[in-house]
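Next up, some structures in structure tokens.
Here subunit A shows up in two complexes: once beside subunit B, once beside subunit C.
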Partner chain A sequence: MDAVERANAEHQKQWAKDQKIGEGTYAVVYRGREVSTGRKVAIKKIKVGQFKDGLDMSAIREVKYLRELKHQNVIELLDVFSSKTNLNLVLEFLDTDLELVIKDRSLVFLPADIKAWIAMTFRGLEFCHRNWILHRDLKPNNLLISANGQLKLADFGLARDFADPGYKMTHQVITRWYRPPELLFGARYYSTAVDIWSVGCIFAELMLRTPYLPGESDMDQVRTTFRALGTPTEEDWPGHKKLPDYFDAGQYPKTQLRDLFTAATTECLNLLAKCLIYDPYKRISAKEALFHPYFTAMPYPSHPSKLPKPAKKGSTLPLEEFDGNVDFEGAGPGVRANPPNKLKRKLSAEELGSRPLARRLDFSQHA
Partner chain B sequence: MASVSLYPLASLEQIEKSPSREDGLSEGLEEDLRAFGCKLIHQAGVLLKQKQVAVATAQILFQRFWFVTSMKQFGIGDIGMGALYLASKLEECPIRMRDLINVYDLLLQRTAHTLAVQTTSPHKGEFKYAPMSYFGNTFYDLKDALVVAEMQILKRLGFQVHVVLPYGTLVNYLRVLGLTSREDVCSRAWGYLNDALQTPVYALYPVPTIVSAAILLTTRFLGIPLPSTPPNCWWELFDANWEDVWSVCGYIMRLYRPRPLEDQTRVLGMVSKKGVRQWLEDNPPSRST
Partner chain C sequence: MSNRPSGSSWLRGTTIRKGGNGSSASTRTATPQVQSTSTTIFGGGVKDPSGRTSEYFSMDDQCPVCKSDRYLNPKLRLLVSACYHKMCESCIDRLFTLGPAPCPICNRTLRKLAFTPQTFEDLTVEKEVAVRRRIARDFNKRAEDFPDLRTYNDYLEEVEDITFNLINDIDVAETEARVARYKQENAALIELNIQREEQYAQYLREQEEAERQEREQRAAELRRLEEEEREEREKGRQELIDRLETSTKDAAKLVARSRAQAQKRADARTQSSAFGGAAKAFRGRTNQGAVVADEPHVPLADAWYAYDDKYAVRDTYFDPLSEDVRRDKDKVFRAGGYRVEEAWERALRFAVASLDLAPLQGLHSTAVAVEPPVISADGDVIMAST
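Let's look at the complex of A and B:
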């Protein structure tokens, strides 16, 4: 046993695995604790070996980015160690996620609560963007909530740093309902604006208590988006008709957000509208959003400890809290964007157009 | 975030006594093996048309690896292959396992051929590549080695896989020194940075020091005077100190020195850990120190 093996064994000894709480395509998640303090943790064991391509990209991304990011509103990677042929990520344990909160009908949200959640989301996201990292899979069940109410960005399995200008990135990212129009049209050069659109959708979902743009397929997602926000003109979004997968989704009239979000304040709708601007260049940035008057207007955001939380029940959490690949609850979209750079086959444009559903798994039958 | 904390550097203890030297490899031999391993990575990268960013990242991970592991334990061929595979994923341009394995198989066969020509049978003729069979053992053996290497690199580097490449810094420094209009300066300095990837300097010194060394070599070669007498030393502008810069220059220049055929051949037989072990048996450590 050399120095490295000894160091690894030391790390391993610090953490104890308890029961399994879920399983995803590339990982098994256990509840665990720190031996010396008894502090609860989540241990994500990455399966290796049965995969043809060595270690999964998502696992590598998660290790790469979470090692770097330390922020109150980003999930903390406490340790990494390997056991035999497996890779183990030790993450902080979080009680619940925003999706469970939204779905819990017994909870009532005050405008101040929504403001607090959105503020924490933007704070975490601004930190990622400031460090040149795109999250690329923001959705309510990747926003975890700690015992003291802090919201944290989790699941960096699709994250990446900004590509050098001129390098293509995959457009097969972000769960469909939260995917911005430029990705739906197949843009291969994009930036932080994609995450902002997702936050906009989450913002709307917090107010509506139901997903804002629930498209049934990639093409339907475009129509759903246009139905809700109106078909963009060339003036609204210059150049969008030249995107690789552009198609004419039909003409829908512009609508007023006010008609749907009747109870929202002017500042609130102003920020929401800026997150959902079609032209990615004009969409608000995370930093600008933090300075938006919405956050300084009355009512002030609720203190995290005062935010509504679902009642404790059974205390077993569904796995998707840690890994968006599987959706046991069945009521969600049941889809997540294909991990990018899948080597086996690339989807051609016409394939995307002709059978948008066939290559996606739909778990909604499961429940 | 301070730029220093972004990438790990070897500790003094690791530099003074690398694991391979502990096991009895001489300093010069370890240096040769490192350089050869990096050349293989580079050649594989070219054949695979891989992005240079990923190739450079792989070479730096490879260099770091040998500060925590001995070449008696893992071969430079396997680890080089693993480093290129891992770096391709880290840089978001993954390559197919089979492509990588085929390319490495070709490179290893060529190495073995060169070795045979230079030692046992000088008249073996031209190199002919014999492709492996699709489901043959060669493939599965190399594949296993690749999966193990990828995991071992991650594990032994403590899952710190962040690499900072020097090119952006070079552009900035040349701009500060007003040298960007000289094309010969830019391409030569850039070239030194690439060659330096075959040495351990990226695991030893911070990026500004390495870039300063590349600029120093370039300006000396082309005879361009820069303020170099205290208190006006140009490298101090970039937080580098003379001893370090000079040492990096030494590492780079050692790559170019003419080598006896014997030294060149010695390396070819030590690409696998088996070769290294054989060599250690034939040359017991007590003698080489």
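Let's look at the complex of A and C:
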């Protein structure tokens, strides 16, 4: 047993695995606990064996970014260890997610509740963005809620850090209903504004209690977006017609948000409108959003402990929350734009030979 | 005999009522009762708040067609046609059973099912109510659907015009066309407003229900408290008597002590019930009972941006790598939202932020790996390096 294996065994000993609570294409999620304290955790076991050339990309991304992010509104990665050929991520255990809250028709949302959720989302997102990390898969399903009501960003399987000049990023990210127009038009160079659009869609969804822009296909998503917000002109969004996948989706008139969100306050609609600006340059940033008058206006955001939560049904909680891939109800589009394998760089034979085995990856070292 | 069906049955001393009990003997002296059973066939009429249609009824009713009156037919029921003429049920049966037929008064073609019960004595009122109700269903825009008061007022004026025309039969065809045009143009908004109204009604119902439940709960709670109090008082008195009997202590002291105990119990009770009341207000919310005050929003809870004044991003740098991006020939960087300034800022921030970082130590031991390296006051970690 070499030093790495010993260290790994040391880590493994700290956590006990209990029953399975969910399964996806590339991970199985177990409920677990910390042996020394009995604290509840979620253990996400990544199936390594089935992929020929090493670890799944989203697992790498998740570990890479969660290792470095520690914030009240971001899910905490407690530990990483390997068992046999599997990689295990030990994550904070969270009760529920925002999607379940929105879907529970017995709950009534106060304006202050929505404000609190959106404020927590922006806080977590601002923390990611200030560390130059784009989340790229924000949706109610990925906003988990802890027992004390804190909202936490989760599923960093599609996250990446801000690209260096000239490096392409994939546009096949973010679940369709929350995907910003620049990604729909195939922009390969984008920035933090993509996440803001998703937050805008979630914001609207919280008020409507139903998805705001439910497109049926990627093309239809463009049309749905334009129908809701009007077709952008060259002046609204300079250069968008030059984007790789631009197509003419038809002319739709601009409509007032006020027509749909009749009960919202002016500040609320102002923030929503700023999140849903077509031009990514003009879209509000997470930091600016936190300073928006909406949050300082009355009523104060609800205290997290007072936020509505769905009633617990049985002992097993739906754990799709841990990853978009764990999709057993099939609700929502739940698309993973790319099957995990396509995202991976193909390794040449000698590279493969020189690489250490997956289980030898040592995550206790900081890069 | 003009009113064939009911007339003959009246002769036999029975009445035929749709869905009713035919054996109820009718005496001429008895006060005629209008027990409308026809609403299943004849819709319409004006509903009162409880949802029932109250029909207009008078002792002097007479059918203008067959001249039969309440004296001849105590069960006489007059219904109103689409052209606002009255007729008795038997006339309607006789004239319109075989399909649409002209109105015996004005010759307009009528159908049997289009007759409605009469609510008001004056038929012009009946007509006005019906027209207004019909118009209000389609013209349901609200003040908030208009940019200013002026346009809203214009809209109301137009609606009033249309209503007036329809009531007084002025330019009916043209007015109907106007209504149809409006309906077509505003279909979506009409639908939306109908939904809004339904939502509001639903909300009111729910609120009423919640209030009723709360009242009941409060009453039950009060009853329980009273019961408890009575029992306790009884018990206390019994105890005091026992103690006075058996104890050798001063009687006045014993009485005072038991009084103090009773007071304490009463205090505890009122407190617990107040607590329960507050919890009820947070029905369906988590953490029932514990009331936490909401706090004002604080945009940023840490000093992350305190670094901002330690550097400034210049307008441009000598940076051959980002040359293409800055030139942005195809405008794809601009449209996608990519900014080279952010890359510069990132590089600068890392350079500046790392100046304050203590060298990381002990990273190679297993214990430290679980803990984040540097944490600011509120738990934000400062990124180690990239």
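Criterion: the second predicted complex is superposed on the first by the 334 of 367 C-alpha atoms of A that agree within 3 Å, B and C clash if a C-alpha of one lies under 4 Å from a C-alpha of the other, contacts with A are read in each partner's own complex, and residues count from 1 in each chain.
The rule is short, and it goes like this: a contact is a pair of C-beta atoms (placed from the backbone, for glycine too) under 8 Å apart; a residue touches a chain by one contact, two chains touch by 3 or more.
Source: prediction; values computed, not measured.
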**Q.** First (subunit B), second (subunit C), both or neither touched by A:M57
**A.** first
(Q) Which chain, subunit B or subunit C, ends up touching more residues of subunit A in the combined arrangement? (A) C
Q) Regarding the shared-chain residue A:F162, is it in contact with subunit B (first), subunit C (second), both, or neither? A) second
Q) Of the two partner chains, subunit B (first) and subunit C (second), which one does A:S83 touch, if any: first, second, both, or neither? A) neither
Q. Is A:V4 contacted by the first partner subunit B, the second partner subunit C, both or neither?
A. first
Q: Please indicate which partner A:P244 is in contact with in the superposed arrangement: first for subunit B, second for subunit C, both, or neither.
A: second
Q. Of the partners subunit B and subunit C, which touch A:Y300 in the superposed model: first, second, both, neither?
A. second
Q) With the two structures laid over each other on chain A, which partner does A:T210 touch: subunit B (first), subunit C (second), both, or neither? A) neither
Q.
Is A:T233 touching anything from subunit B or subunit C once the two structures are fitted on A? First, second, both or neither.
A. neither
(Q) Per the contact definition in the header, classify A:N131: touching subunit B only (first), subunit C only (second), both, or neither. (A) both
Q) Which parts of subunit A are in contact with subunit B and also with subunit C? A) 7, 68, 131, 163-164
Q) Taking the complex as given, what residues does subunit B use to touch subunit A? A) 1, 6, 19, 53, 68-70, 73, 85-86, 89-90, 92-94, 96-97, 146-147, 150-151, 154-156, 158-162
Q. Inside the complex, what are the residues of subunit A that reach subunit C?
A. 7, 10-11, 68-72, 78-79, 106-108, 112, 115, 119, 126-127, 130-132, 149, 161-166, 182, 185, 187-194, 237-240, 242-244, 258-259, 262, 279-281, 283, 287, 290-291, 295-296, 299-303, 305-309, 363-367
Q.
Going by the contact rule set out above, which residues of subunit A touch subunit B in the complex?
A. 2-4, 7-8, 48-49, 52-55, 57, 60, 63-64, 67-68, 80, 82, 85, 87, 131, 160, 163-164, 169, 340-341, 343
Q: Under the touch definition given earlier, write down the residues of subunit C that touch subunit A in their complex.
A: 144-145, 192, 196, 282, 284-287, 290, 292-297, 299-300, 304-305, 319, 321-322, 324-325, 330-340, 342-343, 346, 360, 363-364, 366, 369-370, 372-373, 375, 378-381, 383-386
